[in-house]
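Per-chain numbering from 1; labels A, B, C and D assigned in written order.
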Amino acid sequence: MPEPDAGAGAAATFRVRYPEIDRMGVAHHAAYFIWFEMGRTELMRQLGCSYRSVEDEHGLAFPVISAGASFLASARYDDWLEVRTRLSSVRGARVRFEYELYRREGGSPLATGFTEHAVVNKSGRPVRMPEELRERLRGGECKE
Amino acid sequence: MPEPDAGAGAAATFRVRYPEIDRMGVAHHAAYFIWFEMGRTELMRQLGCSYRSVEDEHGLAFPVISAGASFLASARYDDWLEVRTRLSSVRGARVRFEYELYRREGGSPLATGFTEHAVVNKSGRPVRMPEELRERLRGGECKE
Amino acid sequence: MPEPDAGAGAAATFRVRYPEIDRMGVAHHAAYFIWFEMGRTELMRQLGCSYRSVEDEHGLAFPVISAGASFLASARYDDWLEVRTRLSSVRGARVRFEYELYRREGGSPLATGFTEHAVVNKSGRPVRMPEELRERLRGGECKE
Amino acid sequence: MPEPDAGAGAAATFRVRYPEIDRMGVAHHAAYFIWFEMGRTELMRQLGCSYRSVEDEHGLAFPVISAGASFLASARYDDWLEVRTRLSSVRGARVRFEYELYRREGGSPLATGFTEHAVVNKSGRPVRMPEELRERLRGGECKE
């Protein structure tokens, strides 16, 4: 699914935490959206513009406006996972990320998902992504 | 969107908790999936077959196989919310629920979403929903 | 343990959520501190000065500076619990709350705990609790 | 505070997640207990007996019976933290861990804390820690 604005991808790795496991003995589905966010955070850091700096330096925020996931296989306590994230589009006041979750040792994905974000300023109004930031996200050249 | 297997709807109400608020000052999107689950729990209780009894008495579980949500307006700390849940289909080894999240005082929804579930037995194998349980879910006549 | 500044008590009730259950099949200990906070929120609302108004109207916050709990019996999924909260002291720039967690149907407590809070202003500096707010907390007469 | 049964220490590092931040803009106090648990998990792994193996191989669990923490300085979104954990005692059917939380770059601790655990078997009955496991925890010689 190549898109014109697609930027680079990045991976974040982590271990499944004890309280992320639910009564079925597997990771609760809500935790996956937190893991996806960790992937998004690492992708943006790798592109040189951390999400923290987007909020603190640029005065912008990327609230989630829609999200979805398919859960294909279970994650268990202490599993060492990797979330692979790609920026699939940056258009006007919208950003979309896509995610795949794997075990570190590989194999088929445990889950896939996406999030779509608005770009808003400090007063919560949608704004067009600043061209500079857009270029950074596209090109991975942004420096804080 | 009426569907043949659609069962009754139910509402669960709750207040937004302090740690559910994130750095933007609004409820984090992962929390919505937990609230949807509360709605699902209350719907099943209202239908007379609590999800706890599904697991403990029937030896079944309904793991989430896909989920999605649209976030339309922000929820804030201590807001009194209501999640309205409907069982939109029960087919073979699949169950689907749909959710709308409102402020107690009404207005337009803060979010809408869905979850699709497999029906599995204790060893995690997909099984057809037992006819008795299916009838209960459809008809709201189930007693524990 | 009666203390001079002790205010009224209040109870908050709720059901244990599915993701609050961990791999052992019982509620994770970190969840108890979130439940205690719900008790604190309800106590303050009952006293007529919601914690939201403390932050939004008074420009104060009560960050937790120490917390502790004893876990005496397990809480399970869908258990209907009640947290009973009392304000055990208000002194200068310090507030202390104490908690007991019960099943709705009674019995001995599942857990007991406490939190101690600083009183800080918007820039995070410790401040003496305003006399008006102190009186409200002590006397339960505060109105928003 | 050296104790006779004290074992080795270990550090776990991680970044503060977005939803761990609360309405005050700092990490919520309940998150610290989850971070302490991550430190405990890494300490046990380093000692050669992962907590997962304690549950899965030894048929034991270490439920928390008391916990406490002092919160000394705030942790913020994306901060890179390190939790240093030591096993402070292993006695009969009791284990105690102590924690210090730091920023990766050092400085004074952000928080200190402890957890005390029972040692129970699969039916939840307190049992004396098996001598073999006790030696492993003390000596760091345990292999899975």
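What we mean here is this: contacts are C-beta pairs under 8 Å (C-beta built on N, C-alpha and C of every residue); 3 or more make two chains touch, one makes a residue touch a chain.
Owing to the predicted nature of the structure, the values given are computational and were not obtained by experimental measurement.
Asks: Per the definition at the top, count C-beta pairs in contact and tell me whether B-C or C-D has more.
Replies: Counting C-beta pairs in contact, C-D comes out ahead.
Asks: Taking mean CA positions as centres, which chain lies farthest from subunit D?
Replies: Centroid comparison gives B as the farthest chain from subunit D.
Asks: Centre to centre, by mean C-alpha position, how many angstrom separate subunit C and subunit D?
Replies: Roughly 25 Å, centre to centre.
Asks: Using the average of all C-alpha atoms in each chain as its centre, how far is it in Å between subunit B and subunit C?
Replies: Centre separation, subunit B to subunit C: 29 Å.
Asks: Return the residues of subunit A touching two or more other chains; collapse runs of consecutive numbers into ranges.
Replies: Subunit A, residues with two or more chain partners: 18-19, 23, 30-31, 34, 37, 77.
Asks: Where on subunit B does subunit A make contact in their complex?
Replies: Spelled out, the residues of subunit B in touch with subunit A are 23-24, 26, 29-31, 33-34, 37, 55, 61, 63-72, 74, 115, 124.
Asks: Once bound in the complex, which stretches of subunit C touch subunit B?
Replies: Interface residues on subunit C, with respect to subunit B: 14-15, 17-19, 34, 37-38, 41, 50-52, 77-78.
Asks: What residues of subunit C sit close enough to touch subunit A in their complex?
Replies: Subunit C reaches subunit A through residues 18-19, 21-23, 25, 28, 30-31, 77.
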